[in-house]
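Read from first to last, the chains carry the letters A, B, C and D; within each, the first residue is number 1.
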Amino acid sequence: MGHLAVLTGQLFNGISVGSILLLTALGLALSFGLMNVINMAHGEMLMVGGYVAYLTCRFVHGPAGFLLALLFSFLGAAVLGGVLEVTVIRWLYGRPLDTLLATWGVSLILQQGARSLFGAIGVDVVAPHWLSGSVAINHGVLAGLTLPYVRIFIILLTIVTFALLLLFIARTRWGLFLRAVHQDREMAQALGVNTKWVDLLVFAAGTGVAGLAGAALALIAPVTPTVGQSYVVYAFLVVIVGGLGSLLGTALAALLVGLFSSTVQMFTGVSLSDVFLLVLVIVFIQFRPRGIIFQRSRVMKEA
Amino acid sequence: MKKWLRPALDLALLAALVAAPLYLSAYHLSLLGRFLAMAILSLGLCLVWGWSGVLSLGQGVFWGLGAYVLVMHLKLVGLQPGDMPDFMLWSGLDHTPGWWTLFRHPAVALAGVLIVPTVAAAGLAWLVFNRRVGGIYFALITQALALAFATLLISEQAYTGGFNGLTDFTTVLGHYIVDPSFQRALYWITVGALAAAFLFCRWMGKTNFGKVLLAIRDGESRIRFLGYNPAGYKTIAFAIGGAFAGISGALYVLHVGVISPAMVGVMPSIEMVVAVAVGGRSSFTGVILGTLLVNFGKDWISSAMPEMWQLSIGLLFILVVTLLPKGLAGIPELGRQITERIRRRTARRGVEPEVLAITQKN
Amino acid sequence: MQNALLSVENITVSFDGFNALDGISLRLMPTSIRVLIGPNGAGKSTLLDTVIGNVRPTKGRIVFRGEDITELNEYKIVRRGICRKFQAPGILENLSVLDNLSLAARPRRESWRSFGVGIDSSVRARVERVLERIGLEEKRHTMAGQLSHGQKQWLEIGMVVSSHADLLLLDEPAAGMSLDESAQTAELIRSLASDHSFLVIDHDMTFVEQLSAPVSVMHMGRMLKEGTLEEIQRDPQVIAVYLGREKEEAVA
Amino acid sequence: MNRLLQGAMKAAVPCLCGLLISPASPAQDNTVKVGVLHSLSGTMAISEVTVKNATLLAIDQINAQGGVLGRKIVPVVEDGASDPAIFSQKAQKLIQEDKVVTVFGGWTSASRKAMLPVFERFHSLLWYPVQFEGNECSADIMYSGAQPNQQILPALDWAFEKGKKRIFLLGSDYVFPRTANLILKKHILHDGGTVAGEEYVPLGGTDFSSIITKIRVAKPDIIFNTLNGDSNVSFFKQMAAAGITESQIPVMSFSIAEQEAKAMGPSLVNGSYAAWNYFESLNDPMNKQFIAAYRKKYGQDSVIDDPMVHGYIDVYIWAAAVKKAGSFDPQSVRKAATELGWTGTAMGPIQFADNQSLYQTAYVGQLQPDGQFNILWKSKEPLRPEPYDALAFPGRSCVIR
């Protein structure tokens, strides 16, 4: 396997890891970035997405099964997010630290619920046959490089979801309401925007995207009660580094982190590269507390 | 609150702790001892979160630093000269590293337990608070730090014992950890340390420093316009929190006999926060009681209904944060609100006709 | 010429291109009162924010007692003797009236020097004097949060006054006050003018009249006119700006 | 009034802890208590619940035959909650509060290390059912789980016999993998093989993209996989996605038994190898009996694996040792256990050596589509346990008085 093939392989890995990070963080960019709700149960929404995908794949066989699973995991997690918003989060607006602790409680309950329903042992989501296998380049300068279909699919899914979200925010009425509430909740209310509905729908959309991500990740990772824990800390850091309220910033941050970890891992072990990454992010926040891309405006509340 | 009631309660709590060896079995006494050690950390967290409004999700890091420094000393003391801790042997080291042997001397170790966590906490706080990083970011940063610390401890197995942690230390300052007289002495030391920490906090509450902390919690920008630099105050408060956590870790590890990365990661750090939240974030007595309640609850529930523990701590979190932001101290207030609502509803049904009549007349 | 206590030199502050302050200058003599008036959005509050260091100017300098304080942090500026009152009462709700005043009056505000318990004697005398002046003696131990709106404003003025500050920036001190309350406030400010300087923003003309101090009119981030209240009220440009008739040539 | 209520609340709690002391019920004359301490919650519950079940099955069977020394065995089950500190806390409770005569349990090395000081403090006896990294020699623990020379080294012998000499070491980043690989590297070089690479992933890690690139570059003959729990799922899924099949690069796993294979979906790990001291597919009458009894009690679809059978036979050996010693005292029981001689069990003939580790036969099996192992290779006779590897840790040995 030529040197160039290894390099391109690692570049692809970096983009793939970046896309996974972005997919897990997109829902958070909505709920945390734009609505300032700290949802520590975000990881568990991914888990729910995984379990819903598992259930759909059991009942619906054939190639369409997985696409249906993606849809159902989005809807399932969105409904769960809506219920969570109405029961817990709605009473804690304006108290970010308390929301953080309350949603951490929710994450523990969801984990235990999954363990009681599906057992401590994880469940298996089998990739549909049109996704298993890989593109193998076996001649020319990139000989030996293989690009798994699954990772390509996840990258494409991330790009599509990202584009849809951008369109939703930039072009639709609800996107306008969302931006208004994000900039100045009182002013938006004064202009007749029903902020209660905006909070509910946008939060549900955020958890829905997390469910979708959970289903996609079930292709290359386990679906167990505690899988959410391995994503939630990194998802938050990606949103912070990207800059609150900026989807583009989140995407950039996810890509940078993906490339960083795949390059560093060529030289050090995975554990050390994780430690370097965490420390680097903590130092980065000191010098750009607002993140890579942030709006300059007087009214921005200090996060 | 009648003047004498609060001190009377504190004395009652102290009396209950002093009398504990009489009415508690050996097992439950050692449990109480380790939970009292945790209460010292809770007092520190109460100062940091309840008083200055800074939520730290990474107290496990400073708690772990205190514990690891002490246990490094205990491992070295337990060795015959020239020998090496067992885990270093089978991790491929050929000699004990210099920065380990530094802690062989008891005085250095004790100083380490006090200084290392404090300096680490002060360093992080000064770096972060000077850049005016907001409360939410700080909470998430400390959580990331807890994850990084645990991952580092696990991966640098040759120096830290890795995932197994450090254990199997037998003597402290010449006394055998095993014999009951040491256990009893350890209990008294823990109660003494907790009392000292409690009095320190009480004193802090009366100083101008304490008042400024409260002001920072309720409106950091206002205090800045009175000429106070919140960063300095928050850094000192966080350093005190770090010191308390280090002491708590060292005492806890003497009770338990083992320190491992699983005890310092993200999850334990959040459980430390829930103990303070239950106790009523800014009340020192409440925080101690909250810690005892949560930890004894954990021990009792996890043996009676293993499945239920995670469910109950999750529910506890939600209920305390939404209904009882003041924790235990908030229960009477919550009671009053509920009775108020009931009274108002019954009153309206009874009085309504006359009131309407009067208002329509004039 | 006696040098100024505060001199604002050609200050410009812009937010994403909009110039809230546009090369404004102002000189304030020690122990004097200056009132800033002008329509909403003229940049009055922004000027106070810039002096106290809450907002960084893009151009220009602020000199206080001969020292350039443009780049200093708020708490460093406050320690040099400037104090500011906001429109919304900036009092510490969870502390008693006495605590509010003592924290404002303490000279040593560094964290490592605040471990004393209670109020040291020098500060106590100063606090007692201010308490008596703002008429809140019997309320000394009640929580600041439980005071009435007017009392909160007075407490804040008391805090500003007791804070060793020579220059006091008051942002609509009489807002929400009854007629005689604002008269008492004006009387308090006049009585303190012997050893303090004031920069006061307000819209209430009767209150400005009671202060009987020189007035500066700001418009679109620039200084339009300065003089006594009578001169200002007769000046055609000022009338135009307020009543908005000949807008263009007034600004030329 | 409300202040009084608040005061009462604060005073009530201290005596609440007093209420918690469950007075230890005086042991009736005809029963004896034993502790069963495993993680029933947390990440390790996945593997430990079934071992607890096997231990309880053995206790029921022995009680059915009249118990031991005329006493019925009463198991006291506690949850270690996958947290070492809780394992040590619950071990202390079992010994001090419940006055158990011995304890069956533990899983991760961290939990065993945490319990070690407690057992040495109260001189009770722990029966540890899981393979581990060795390098430990305590008089108060019966190590029934495989030592490195009884699991990973036989696998190496099998690999060398098959001519697979370029070996890539991949493991989760904790004590067992790191120590096992340290021993393996010494033996690989000693026997003329080559170490094609050594990589570790943090516990619960899910990204293997860079590691798969390194594997592809190193082109090893075989991968020795000491990954743990969930990470195995990610690894095999991402290997399959990258188009690396079993035939190209075979994988020898040390933490995948029938339980894990069933959970991960047998098709995912089909064709991969594993080395244990027991496979459910062992055709031995006692094994058939044990499997039938387990399935009758816990459901027909349950699968049996190595740690479960160890949890099962530990109770039988304890009972035999008690009968031989004629008392429940842990010190005499542990001496008697090492003098029982060969005993036929579901996993073949075994006996405890003088270093309180278990002689046991090593097997290598290949996973079939149905999640069972096809046994390909067997060590000539039950291997003597070596807590300290001669090559990696020369000059150290475990002698227990």
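List of remarks:
The criterion applied here is as follows: contacts are C-beta pairs under 8 Å (C-beta built on N, C-alpha and C of every residue); 3 or more make two chains touch, one makes a residue touch a chain.
Since this is a predicted model, take the numbers as computed values, not measurements.
Omitting chain D while holding the rest fixed, one finds the remaining chains still held together by touching in one piece. Looking at chain A and chain C, the chains in contact with each of them are B. For the pairs A-B and B-D, the count of C-beta pairs in contact is higher at B-D.
The central chain here, found by comparing per-chain C-alpha centres with the mean of all protein C-alpha atoms, is B.
Farthest chain from chain B (centres taken as the mean of C-alpha atoms): C. In terms of their C-alpha centroids, the spacing between chain A and chain B amounts to 32 Å.
Mean C-alpha positions place chain A and chain D at a centre distance of 36 Å. Look at where the CA atoms of chain C average out and do the same for chain D: the two points lie 74 Å apart.
Within chain C, not a single residue touches two or more of the remaining chains.
Chain B has residues 151, 154-155, 307, 310 in contact with two or more other chains. Shown for chain D are the residues in touch with two or more other chains, namely 41, 173, 200, 202.
Across the complex, chain A meets chain B through its residues 38, 88, 91-92, 96-98, 100-102, 104-109, 111-112, 115-116, 229, 233, 236-237, 240, 269, 271-272, 274-275, 278-279, 281-282, 285-287, 289, 302-303.
For chain B in complex with chain C, the touching residues are 203, 206-209, 211-212, 214-215, 217-219, 222-229, 232-233, 235-236. In the complex of the two chains, the chain B residues touching chain A come out as 55, 127-128, 131-137, 139-141, 143-145, 147-148, 151-152, 154-155, 266, 270, 273-274, 277, 307, 310-311, 313-318, 321-322, 325. Remark: chain C residues 52, 73-75, 78-79, 83-84, 86, 90-95, 99, 102-104, 106, 109-112, 114-118, 159, 163 touch chain B in the complex.
Of all the residues in chain D, the ones that touch chain A in their complex are 41, 43, 45-46, 49, 173, 199-202, 204-207, 209-211, 213-214, 216-217, 230, 233-234, 237-238, 240-243, 259, 262-265, 267-268.
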